[in-house]
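Here the structure comes first, spelled out in structure tokens, and everything after it is commentary.
Chain naming follows the written order as A, B, C, D and E, and within any one chain the residues start at number 1.
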């Protein structure tokens, strides 16, 4: 059984269909890339999995338990961690406090939470910024912080929305290392990314969405040679 | 020469500041007369001599404090006046709710508290030892209104049939409304509807419609200034013409009431404690009012005349006590017995019962005719006959 | 055209840009590259007037502009497509575009400008009545670029325009930038997609901890060993 | 309860509702553009009323004549206030802004008392006075004029916001002032404009009210709570929302008062307000 | 080290003060403590959790009314009445939260005003509780057993004790997971949910604690002033004052409301004492003017401002005015 099973999920906003009948799975310890043109419905799908939207149709299960329609905090408790496309850090706190707050899902004691947070900051190469107020970090720094924060909730599945945007190639490499490390911890990852250099080399599977529908699924190699994907997303370059 | 400090707590800012200012003037006049005398008011105590004779001509010094219509502030100021300013007595505080808390402080400190104008009946039901009130309270005023109606029926054969009440829903209006409801059956009148509304209202349409639907002959009304004016305008707008509007002072006696409404204020009857036309039977009123008018360019109103009288009563007590000891003053206050002729009020006099309430106070009723308040009751003091019924709006010139 | 001389910019007490000097000649594309948090965006913001400079000068077409408020720099021909898009989320796509041309008075011209943008980015035409805030990330980015061009700037500054854009459109965006440049508009480009940016840039500057540390022809920089090692991880 | 009474009450409710709308439109403008709740808005109304009163008392100018003058004065006052004070708190936390406008409310009341004494005043015998019969309904002339005035002002502002370049610029500034600056929009000018228009609306309402409502330093307190309710109900920042919500509140207030007892008329409005927010947290016409 | 000295000084001051003051100044000190306590209680939900309530008078009034009605109508000892009031207010806070918490920002603030106004209307019309006429607390039973005193000193200790307890609770909140959760909810509610925080529940927790302590303050008021009516314990002006105290001192800081209360109460009292007697409104003008000046110059409150100064000083010392460094490139460039 796969960790995450998304079955026949549709999501409509008024007249607009953002997701239509999307089905795929994420296995334990897998990195799955979710790609597709702008407006394909990736973030929307994310929001459905993380509980921010209730799907209009379809089911979502985590480890066999239905989670669709649950509020975000319940999803988080069940093991779905996420980052936001626009980093939403707690701006009045330092980086460390941001992560501590997330750690508190398991460690109510502040000193324990701090120790835990410091571990995760180290994990995401952010130790240097631990005491910096999140409000004065650049956007890309905040994204990395958001990853550390999501990890601190000890998710089984981590949803990452474009965490590699705005990084230069060598920074992308660092980020890739972080994702690999996350997998080593036994955490599955569902990654939305336009920076293909960041996702293609490491993904176990790629799911491609276009206009809300799944148009392809397979290994990176399979997907990148798929006609439909090239046409809709990669471009003929 | 000794100075006797008397604390004064009134709303000098905030929504009741307009009244507070008048009261302040009245007190200053009273203190001035006591301290420096005044010509042409032979009946007024202290008007000839200088200061309080029994205290070697000691002068009254007023220490003003602003309570902003806030009960806690009133208590705080009372505390300050007593311990900082070392006042020998306190006069105040207009708003009944503030009088309630401020007098509580005086009670605990053992300082006489003289209240000249708060009308909530409950204030003298507390069995306070140091609290004295010169004005009649709402209970008596409401009784007065019904006595007036009975006498009107007995003497002139006029009987208002259906009665409704309209009152603002604060402390004062509510208490008045309740008393009216309680007393109406005692006097065998039919109270068909009671309507209350928030004083800070922006419109009174639904209130007036509700009244209109009850089709009354008589409206008993308790309103402050803005809402009194608004209600009259709404009556006219909606064509509501009862035979009589018998108002309960406050807004209806505000200087602005007649000025604003002009002709539309005609024929309103309102309870008063004071009227300038009483001077016909009591010249003292005109004499003192002339002094007031000369100094502040305004005439006495029910509020300012009562406050003026309050300080006179207190000064009389301090003088008789011959001492500034609180206990001596309290005893003297309790033994007060001033005759009506020495007051500018239409009262029989001032004499306190065990609760500290003046038992000789009395209200009057005035009717607006020709842009003036004319005393119409008690009939003995009346300067005009009651106009009944009020002409309908569309029949007025 | 644009001359930035030794500028220094702070956020509160924090020094973000300590010494930046760069030149954008007329009709050229200039790339400004560097790692995260090194002051690229801050430099652009300073040129656009959103952040005051503590020291140094900014000259545009020979006129010193460092004291000129941001909104008065737009009619001079300076336009910035800011980091993070900064659209007007509750206004429609079309109205966002029209606001881009706020300083241009001729309504007719503006309407034509809008049509041009629609031609350039068909998705915007399709969604012209949608509220900008509900568009997908990439759609928003296109709108932001289009809006920036609506002012008909002489110098267009773009802060990471390919950010969050699907690969197919990254090429498209860079193409658009070159097209715009071909019409005589100078471009100052901040971009993480180093290879692509330096490939289209006539000249590039490298910024590190708030100062310019390297400068050269785009292609030269791209082949510079140090750059390869530092930024491309090669 | 007769049909006549119901119809009459409804009409009165609509008329007073239009005044609420006018007060609320100014408030919602300022909020919409700057995200600042102006607690001193009732005091703008008060200033409008006093201006009318003094022009009337000193120069015998009829309120209907002085309306443009008062509106202009309040506009200038709003702009001045922005330049002197509000500009300093644009970036302050929401609470600080509340705190400031709250202080301003007290300040203006205090100043009014200082300058003009706490007495009640009124404009007597203005050109519009008395009542007229319309379709069998007895309507106060001042209220009628005020109602028509409110409709006109709302229409003008609505047009301005939705169909002019300046209106679009105002909205843009409201959304993101830095981004607006990048479009060449002078955000300070837009903010002063918002304050100017906001104050002018309250001023217009003040003039219209002065023809039938007593004038005193604290008069704003009578209107401010309802104005807030209207702004909320309509949706913060929505001018059309404020317009319809104003009428709705006016009608609900008088009808609720008539049917349930006048002491509960405010309660009826508040319950309606909370009930609506429960289903539409952004107000009737607010944007989510 | 330094903090212990300051704490000790404060303790000595708090204990010694009442012996050095005359009754009127003592009374003022009590007012400061009472206002501070309300500010501290408000701060829990308004400051830490960022839910700006302008309807706290509802809880205050409920506290005052509960203890007074129980005492006057049923002869219940105020010690019990006060706790009952606190409990009732905490219970009311659920209805309050249920109707308001789904609203955001200004919508929330205005809705809280509406709820509090409704509570005020209810008490104004409720005859059993004295309606608009209000209730008197009888003066006959005095002493600690009845929480009613002829002198001011015991009220001082009561107010001080209540303030200290409220502060202690805040202190604990600030340093526990609750404090972190509250701040997270304040900063980014969506992100807070994504890390498993049930924001509806925690907002409610904050409100209930805050309501409980606010109600205790209300009961103390009733016991001190001996008269309550809807106007004096349920008005919106009161709600706003609670918020003002906290804002002025610094929201979301432990001692902010205490400092705020000292400053605001002093301004209020002294302007009134010095200028209030004139009847010209000068006191209000000066009071309001000072509020505005403070808001403009200390937008984050007095304690907030101080913290910023300290932080700046420290960071300047630490950084030595070096530029902040971004990500270092893997290789050295220059």
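Basically, contacts are C-beta pairs under 8 Å (C-beta built on N, C-alpha and C of every residue); 3 or more make two chains touch, one makes a residue touch a chain.
Being a predicted model, the structure only gives us computed values, none of them experimental.
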{"item": "Shortest chain-hopping distance from chain A out to chain D", "value": "2"}
{"item": "Both-way neighbours, i.e. chains that touch chain B and touch chain A", "value": "E"}
{"item": "B-D or A-C, whichever has more C-beta pairs in contact", "value": "B-D"}
{"item": "Distance-maximising chain from chain C - centres being C-alpha averages", "value": "B"}
{"item": "Distance from chain E to chain B - Cα centre to Cα centre, in angstrom", "value": "39"}
{"item": "Chain C-chain E separation of Cα centroids, rounded to whole Å", "value": "48"}
{"item": "Whole-Å separation of chain centres (CA-atom averages), chain C against chain D", "value": "43"}
{"item": "Residues of chain B whose C-beta touches two or more other chains", "value": "13-14, 17, 20-21, 169"}
{"item": "Shared interface positions of chain E, touching two or more other chains", "value": "124-125, 281, 283-284, 326-327, 329-330"}
{"item": "Set of chain C residues in contact with two or more other chains", "value": "14, 35-37, 230-231, 233"}
{"item": "Chain B residues touching chain E - in the complex, by the definition given at the top", "value": "12-14, 17, 20-21, 24, 63-66, 68, 70-73, 75-77, 79-80, 82-84, 97, 100-101, 104, 107-109, 120, 122, 126, 169-171, 173-175"}
{"item": "Residues on chain D engaged by chain B in the complex (per definition of touch)", "value": "1-2, 5, 8-9, 12-13, 16, 19-20, 110, 113, 117-122, 124-125, 131, 138-140, 143, 212-214, 216-219, 221-223, 226, 250, 253-258, 261-263, 265-266"}
{"item": "Complex interface listing, chain E residues touching chain D", "value": "46, 52, 99-100, 102-107, 109-111, 113-115, 117-118, 121, 124-125, 236, 240, 243-244, 247-248, 251, 280-285, 287-289, 291-292, 295-296, 299-300"}
{"item": "Contacting residues of chain D [partner chain C, same complex]", "value": "165, 168-169, 171-172, 175-176, 178-187, 287"}
{"item": "Chain E-facing residues of chain D, complex", "value": "31, 35, 37, 85, 88-89, 92-96, 98-100, 102-107, 109-114, 118, 217, 225, 228-229, 231-232, 236, 263-264, 266-267, 270-271, 273-274, 277-278, 281-283"}
